[in-house]
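Per-chain residue numbering starts at 1, and chain names A, B, C and D are given in the order in which the chains are listed.
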């Protein structure tokens, strides 16, 4: 019985943290912070799949979440901030 | 190091908008929760059918059996979707990533060490997929991670491989899947149905090809541009700066 | 309160949060993040409903669909990010045309 | 013994949630990224404990994936989000 209550507590904690992370990810104005929170969200999703007895899905989420999503978003952010920065400088020159 | 502020300038939506949308979303969530609550707490779904036919499918992992045998249409079309996404990215031209001439010795060593391990692990996941969690998608994703690691290290595909060879590997999974699917149509079977005694080997063959295609496609998606197009030729965006 | 129902509930909340973010926020990167969270919510509901088999093995069909869905989601994300970079290169702002601030 | 494993897994989950403070408050991007990497490491330990307690050996493969692929995100951060900024400054 003890084990079941520990597992239930585990589930509740994972669920609440998932919701909290999702909210923080979306409401974050700092894009880099949002991406790092999203990477953490993916990690926690893998734990949720494990608890739902879906190890295949957990494995897919782990490989994609750890290996691809983070790299894709970080790479896109780097290219994005480079071009917006250029735009800011252009504005500065025009305004001066 | 200088503290980096990457804040975006976005006006906060008005309180009225946020409140209205929040209430709407709450109502949506509440009605969905009610719908889930009213479902029976015990439902076997299709698990009995899956378990009954798993001996005939050629593999003992039920998820692989569903993916590559019972519902192989899904997997086939999914390979097509992956290719379409890649064509979409390529057609956008892509921004050529800045290449730094500086080679970091630590990263260089790390990638030399890790990439073979990734490839080995990808093969392991492919093999283990027949009887335990694993399979083509997971193996392909690990292979793609190896590719991402190489691209992050400013590795470039040699030009002689970036044309036909690359495209051949990209479509290999899809073509082999369709070919095997159609192959047995002439032997009085429906499309994508395999004879039970051959199913195990055929699934492994298809999965191996699919792993290669998925891995290379995902890595190419990360690269974001067609490697056979010269990286210095910038595509005209049509906007005069 | 079974774990399956708990996770289904979490999935529904994630879906709602994702939809809220997708509608409200203008920056395209935040919209893409919102779509990903929304999708994760849907996957969570599907797998949670597949786990209602009691002590038996969970239903493998939704699992297979979710695995396919995860791979499709990541390729769609890559395409969306490429589109966002193109919009950014054309206009200097990573927002949809109707949200553009002059 | 299983109860102990599960209790330790729960404790690790709590430390993981505590680690979120660093992601939320930074202050530098490197702090946030390292906290996310710490998430991964804790998840590996958590998965190994769960695999022992729930008798699901497949979870070890997932832990292995996390341990192996964590490097990719870290390198993506170093190459794409960090070096560039320090070059410019």
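We adopt the following convention: contacts are C-beta pairs under 8 Å (C-beta built on N, C-alpha and C of every residue); 3 or more make two chains touch, one makes a residue touch a chain.
Just so we're clear, the structure is a prediction, and the values are computed from it rather than from any experiment.
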Chain whose Cα centroid lies at the greatest distance from that of subunit B: D
Chain centre separation in whole Å, for subunit D relative to subunit A (CA means): 12
For subunit C paired with subunit D, centre-to-centre distance based on mean C-alpha positions, whole Å: 22
Cα-centroid distance, subunit B relative to subunit C, in whole angstrom: 16
Subunit C residues counted as touching two or more neighbouring chains: 9, 13, 17, 20, 25, 27, 50, 57-58, 63-64, 67, 70-71, 74, 78, 85, 89
Multi-chain contact sites of subunit D, meaning residues that touch two or more partners: 29, 58, 61-62, 65, 69, 72, 76, 80, 84
In subunit A, residues with contacts to at least two other chains: 7, 31-32, 55-56, 58-60, 63-64, 66-68, 71-72, 75, 77, 79, 82-83
Pairs of chains, among all present, that meet the touch criterion: A-B, A-C, A-D, B-C, B-D
Contacting residues of subunit A [partner subunit B, same complex]: 29-32, 55-56, 58-60, 63-64, 66-68, 71-72, 75, 77, 79, 81-83, 90
Subunit D residues within the subunit B interface of the complex: 27-30, 57-58, 61-62, 64-65, 68-69, 71-72, 75-76, 78-80, 83-86, 89
Residues of subunit C defined as touching subunit A within the complex: 1, 3-4, 6-7, 9-10, 13-14, 17-18, 20-21, 25, 27, 29-30, 33-34, 36-37, 40, 43-44, 47-48, 50-51, 57-58, 63-64, 66-67, 70-71, 74, 77-78, 81, 84-85, 88-89, 92-94
Residues on subunit A engaged by subunit D in the complex (per definition of touch): 2-3, 6-7, 9-10, 13-14, 17, 20-21, 24, 32-33, 36-37, 39-40, 43-44, 46-47, 50, 55, 58-59, 62-63, 66-68, 70-71, 74-75, 77-78, 82
Residues of subunit A defined as touching subunit C within the complex: 7-8, 11-12, 15, 18-19, 22-23, 25-27, 31, 34-35, 38, 41, 45, 48-49, 51-54, 56-57, 60-61, 64, 68-69, 72-73, 76-77, 79-80, 83-84, 87
